[in-house]
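Shared between the two complexes below is chain A, which has chain B as its partner in the first and chain C in the second.
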Partner chain A sequence: MNIVELLIPELILLAGSVACAIVGVSTRRSMRDALPAVAIAALGAAIAWTLCCGDTLAEAAPMPALSKWVTVVGCGLGMLLVLLNAGTADRDYEAAVAAGRTKFDPLRTTRGEFYVFMLLSIGGLLLAAKARDLIWLFLALELTSLPTYVMVAMSRREQRAQEASMKYFFLGAMSAAMFLYGFALLYGATGTVELAAMHEVFTAQQGDVGMIALVGMLLAILGIAFKLAAVPMHLYAADVYEGAASSVTAFLGFVPKAAGAIAVMGLLWTMGMHADGWLLPPMVEVMLWVMAVLTMTLGNVAALLQSSAKRMLGWSSVAHSGYILIGVIAGPDHGGWAAVLVYLLGYGLSNTGAFAALAALRRGGNEVESLEDLSGLAERHRGAAWTLAISSGSLLGFPPLLGFWGKLLLFIAGVSSGHIVLVVIAGLNSAISAAYYLKLVALPLMGASTARSREVEPLSVQWPRIAGLIAAAAVILLPIGLPAIAACAAAVLVN
Partner chain B sequence: MSDLLHMTLASAMTEADLARFLVLSSLLFAVGLCGFLTRRNLIVMFLCTELMFQAAVIAFVAFGRWHWDFSGQVFVIFILTIAAAEAALALALVVLLHRRRNTLDADTWTELHE
Partner chain C sequence: MMSWLLILLPLLGALVVIASPARLARHLALATSLLVLGVSIAAALVFTGWGNGAYGLTAALDWLPQAGIVIQVGADSVAFILVLLTTMLMPLAILGSYTAVQVRQKEYYGWLLALLSAMLGVFLARDLILFYVCFEFTLVPMFFIIAIWGGANRGKACVKFLIYTFTGSLITLAAFLMLAWSYADAHSGVWTFAIEPLTSHAAGLAASDQAWLLLALLIGFGVKVPLFPVHTWLPLAHTEAPTAGSVLLAGVLLKLGTYGLYRFALPMCPDAVVTWAPVIAILSIVGILYGALICWVQTDVKKLVAYSSVSHLGFCVLGLFALNPMGLEGSVLYMVNHGLSTGALFFLIGMMYERYHTRDMRQISGLARVMPVWATFMVFFVLASVGLPGLNGFVSEFLCLIAAFTAGDGGAYPGVLGPWFAAFAALGMILAAMYLLIMVGKIVFGPVQTPAHGHDDNDLPVDLSVREIVVLIPLAAGCIILGVQPGIIIDSTATSIADTLAVYPPIIEQASTHVGATLDAMVMGGAP
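Moving on, here comes the complex of A and B:
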């Protein structure tokens, strides 16, 4: 298959981002208001093309069908995230223009760029799933991350957003250098940058892959752990998630994390897939194991201590990376990677819903952040309160919500691949996480209103609320189709 | 002729040569990492990440030469492009931060913390 045809979904997103950049500087307000529609149309077109004509996408990639799944899920969730971010950038400026207080100046607006960055970052996620060599993987991961650094900085006018962007960017650049050095060592050990050829070399070595390749793999995983927000590269997570606008935080919680998980799976495939089944080199497995345990424990314990709902959700997203790593360790044989894909879908929807509830509310012109602001929310803002409650329930893994099924699949995969201790630790962690997630369920629905929560007002823009409701509805309704979803995810991994 | 050239060049790199390149590149990487962790000036921190990138570049070129395979060099071209994009982003960010606080010290930015 020719390479241009392979890249049509990404090219559609690229065309969409160019269109957004042009529409964003239009002097007509109705045109600028159509920006989210343009971005969503591009994402929809990418999905439609993949479903209709994308049958044999990326046949040379390690997992040929993976890119179809990632395109549909990534662009689908991307539509929600675009909807959630509609009206984030330049909200005050657009309001001033609408009220006639100032004239529109194409040089001052950054609204179009904001959608461009979202589409490009999602494009990076799609490319990561198609990666067939290390160069491709490196470029895809960078394409996913570089736009998000800018999105964080421009999402709010406050200094906190810029501080968050600084921390995110510098740690991001450092981690990129780290996985790049890992790639260099992997290349040195195998003499090829192509994943399939690397796989052949490692298979021929029959488990004894050599020191250079091992160190390279460890460095690569450590660097990519930044995208996952996994220990030890998690340090930025709480600060960045707090500093960015809630709608952007939802984006950061899904797109880079999904790209990171997929990249780690693609790399591990080269080393762990053998003719007689899935077996990682012991050193790599031990490191992933320790990372998983530390990530979920640290994430959950730190989340428990927070008084800000945003920081709490930030730390909880660190914990979720730990759960994802269980599936990664379990490998493709025991349904581990299929579980990761289902889990990413459930986590992405729930995370988007939770942050959408926060993004849909305002208190005195600022974001709603502390738990106190959320107490007794249901009395005045029923939609946001229920969205938050349902999403938090799903993040906790409360049956029958989607998050529960994702977690169940992960735990089953963990047990059947023999990592019982790991699953027990994850179970204990889920119990810890109940303590703070139930706060997010109970406070809005049953808490008493406080002086702070009475000042909470809905955002003037409707879209975040609608995005939250869609996410919450999906979290409730998708488990009906769960067998089909799980079957699709499992089929993705059959070579 | 070209075959002969190929053979001469291919045999010119010994294991000791490769080791020298790798020692240089790992030293560069370590210096970059240490600098990133210890220095607090934003521009110096960024230069340290660049050092780490260049360490990877040296390793790629050396390995490419060792394996007599050009994908290592192709990789380097892409790395340089990405490094340039990151430099543009870093400088834009540094200008933005400097306008706000009039300093480049990373430690003055402590609004976000536990």
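Moving on, here comes the complex of A and C:
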């Protein structure tokens, strides 16, 4: 099979990122302003190619149709995220150039690189879905994460962003070392790096997996849990999500998380998929179970205690990793993985919408962060207030929004795979989360304006606002097409 | 087809209202709700379920077949009665808001129509997913209606309302999922969420499993009813909601809880219900008395009527758990009657509040001289609510009490309650007469006293306007018709109710021979 053909979507993104790098140093402002369009065009081309001629991807990875789904969803949400990030990098610098305070200096601008990094990171997500061996998987995950470290630092000219970036980078490097070590042990135990061959080895062992392989798997999952921001590798999440610009936080909340979830599923497939159905080794299952419970509980309780909307959403995205793990544990047999895919779509859109609402606003030149800033928002910025409310409703899982259907499918999968206690805990967590998501609905829509919140003004760039509105509209409208979406997600797992 | 129309038409209307100019909003909303009323009346004429236990107006739509989710609609006679109640109350609620709501009118009427859609969806659902989605979605419009157009303490009220009911229904959802899974487990992995197969499956489960199911259902629906001790959201929400919000809360949304108990708890877990009915009955009696006692000391008339709902709905639940035809018929009738009379009381209080901007009984009295028309309606609906023979409230309250009284060992129909239950509940009736008549005595009669600022709304006449009278007339007519001819509801629902109860007599017989004696000893005696 022709590997180049397999990688055409990624190559399109690579070409797009090269184009971005070139356009970004153009001395003409109108050219530089076209950067988001270039990036979106590249993502659109990748989607178009996958939809038109993506069938050649078959036989590639453990779950062949997965890459098609991930390409479409990843690039689709990627377009939204690019739109949201239009104007994030170099905003002040561009303003200074436009005002004639300084001359444009190609060596000082970072605007082009910002889009390059976004495209590369999304490319990493796409590659993770196609991974056929451990080395590929490792490279794909790192390709997803490395650009995000820089994006955090570039996203705003504040010390907090640099600090967040460093924290993110060091912990990320540690986690990479961890799962690399796990991969090495898996290789040692099976003598192969290819996922399909590993699967054969584990299948031959008939569930009696050796200790080395088990430890390897546990370490690998722990390492990848960093991408998911799942307990115990969640410690960076709140600080990094807060330190980065809101638009970048939306990116962090989706792309690495999706890559992590896909990587975990790919790895678990080797060990859990037997001829007679899905069965994880008890140790792995227990660890995932505990991780899921701790992640959602800690995420929700911590979110409940926040006074900063951004930190609250950061913790909430930790909690969502816990829900995702329910589907991962349930496995492909009971619709668990299909549910994870649908959930990732719903979560991605809602999370992007929520952060877009924050990113579309400014208060005295700074980001809008505290809950108080949002009080009475609807009186002045109706679009942002409703975007935030709808997105929060969807994150909470309120019917009939998209988030509800994802959660319902996850819960059905959890129950039908026998993890009733887990689903009950998740249900209780949803109830806890109602308390803080409600603040994000109630404060903007009917809180009284305060002196502080009256200072909130819209961002000069309108794209984040539009990205938020698109996300909110999708969260409302996509459930109409849910049968088709769920059917596609289920088809992904048919080998 | 007609069911889809009933659910989707209000939603469409909501979108039209949002898109149209603000000055047209209320007229468009009224037109939509009248159209829906027309459709529902037309549907009532072609409805095949009257007088038999069958479902009519059914339709189905494959939604997520791989997860067993097929959206099914349709109604039996009980559900359809509630559909008619809903479609009748909504135009009145909209008409009643014409002057009361002055700000953000488009949103307000849009939310009301969305609420109509969700409420009809609940009653027309024949599968758990549609039921749950609509049940849950009713919270959103009501949340905004309280939150944006509510009284001074609205922030607390709407959040408490939403958190209570959301948490409760999540637990119900968990129960639904568990039930569906247990069905799939027993049917080689085929999932379904349709109500009928799941009901018959659940009824065959072990008593201990049924008890868990019953508990989960009770938590979800009990919050909505509201049953003591999870009623605390209600007085606050009722008091802070704008008039139309209170009317719909009392008129329809509380019925979602009792309807849920009727539709799910009774047929799904008969064994557990027989065991636990006395406990639930005690909770409802506590609710009846506690609600009534609180009403007694209220000075805020709206709060008084709100707490009276807690008390009244206790009778409704008591009737359900009497487990005999009389009780269920009384209970279904009660759902309609309470919707009419309490809805009307909220309207009247709203009309008073619009004029005097107070609801404090100490500040206002003798309105009979100032607003004779208003006072006439007030006295009329208070009497209906108290249970004056000849008006609607009497029939249903009496049926529920008699049902509880005869639901002992000696009754014609086997049951697990008894005279003591009825005796304590009947105290609630006396208390109701006391607190409601005290209220009437204070604000309608006595020396004329109005707040210092007086009647300060120039758009409204001193007494009721024609529009306001038009709002009240249908409700009054309903009270009289159902008072004299309760048979039109009782006869048309009798078979559905008999079908629901069919499983009970053998279970009760069996239970009373085995544990009857000990249970009676435990729970206040049972039969004397």
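Descriptive notes on the structure:
Note that in this section the second predicted complex is superposed on the first by the 493 of 495 C-alpha atoms of A that agree within 3 Å, B and C clash if a C-alpha of one lies under 4 Å from a C-alpha of the other, contacts with A are read in each partner's own complex, and residues count from 1 in each chain.
Please note the rule applied: a contact is a pair of C-beta atoms (placed from the backbone, for glycine too) under 8 Å apart; a residue touches a chain by one contact, two chains touch by 3 or more.
Not measured: the values here are computed from a predicted model.
Of the two partner chains placed around the shared chain by superposition, chain B is the only one that A:G243 touches, whereas chain C remains out of contact. When the shared chain is aligned, no partner comes close enough to touch A:V201: not chain B, not chain C. By the touch criterion stated above, A:A173 is placed in contact with chain B alone, chain C being left untouched.
Of the two partner chains, neither chain B nor chain C is touched by A:A95.
In the superposition on chain A, contact of A:I466 is made with neither chain B nor chain C. Ranking chain B and chain C by residues of chain A touched puts B first.
Within chain A, no residue touches chain B in one complex and chain C in the other. Listing the residues of chain A that touch chain C in their complex gives 335, 393, 398-400, 404, 408-409, 411-412, 415-416, 420, 423-424, 427-428, 430-431, 434-435, 438, 442, 445-447, 482-483, 486-487, 490.
Contacts from chain B toward chain A in the complex involve residues 22, 25, 29, 32-33, 36, 42, 45-46, 48-49, 52-53, 55-56, 59-60, 62-64, 66-67, 69, 71-72, 74-75, 78-79, 82, 85-86, 89-90, 93, 96-97, 100, 106, 109, 111-114. By the touch criterion given at the top, residues 62-67, 129, 132-133, 136-137, 140, 144, 147-148, 154-155, 158-159, 162-163, 166-167, 170-171, 173-174, 177-178, 180-181, 184, 189, 191 of chain C touch chain A in their complex. Chain A contributes residues 133-135, 138-139, 142, 146, 149-150, 153, 159-160, 162-167, 169-170, 173-174, 176-178, 180-181, 183-185, 187-188, 191-193, 238-240, 242-243, 302, 305 to its touches with chain B in the complex.
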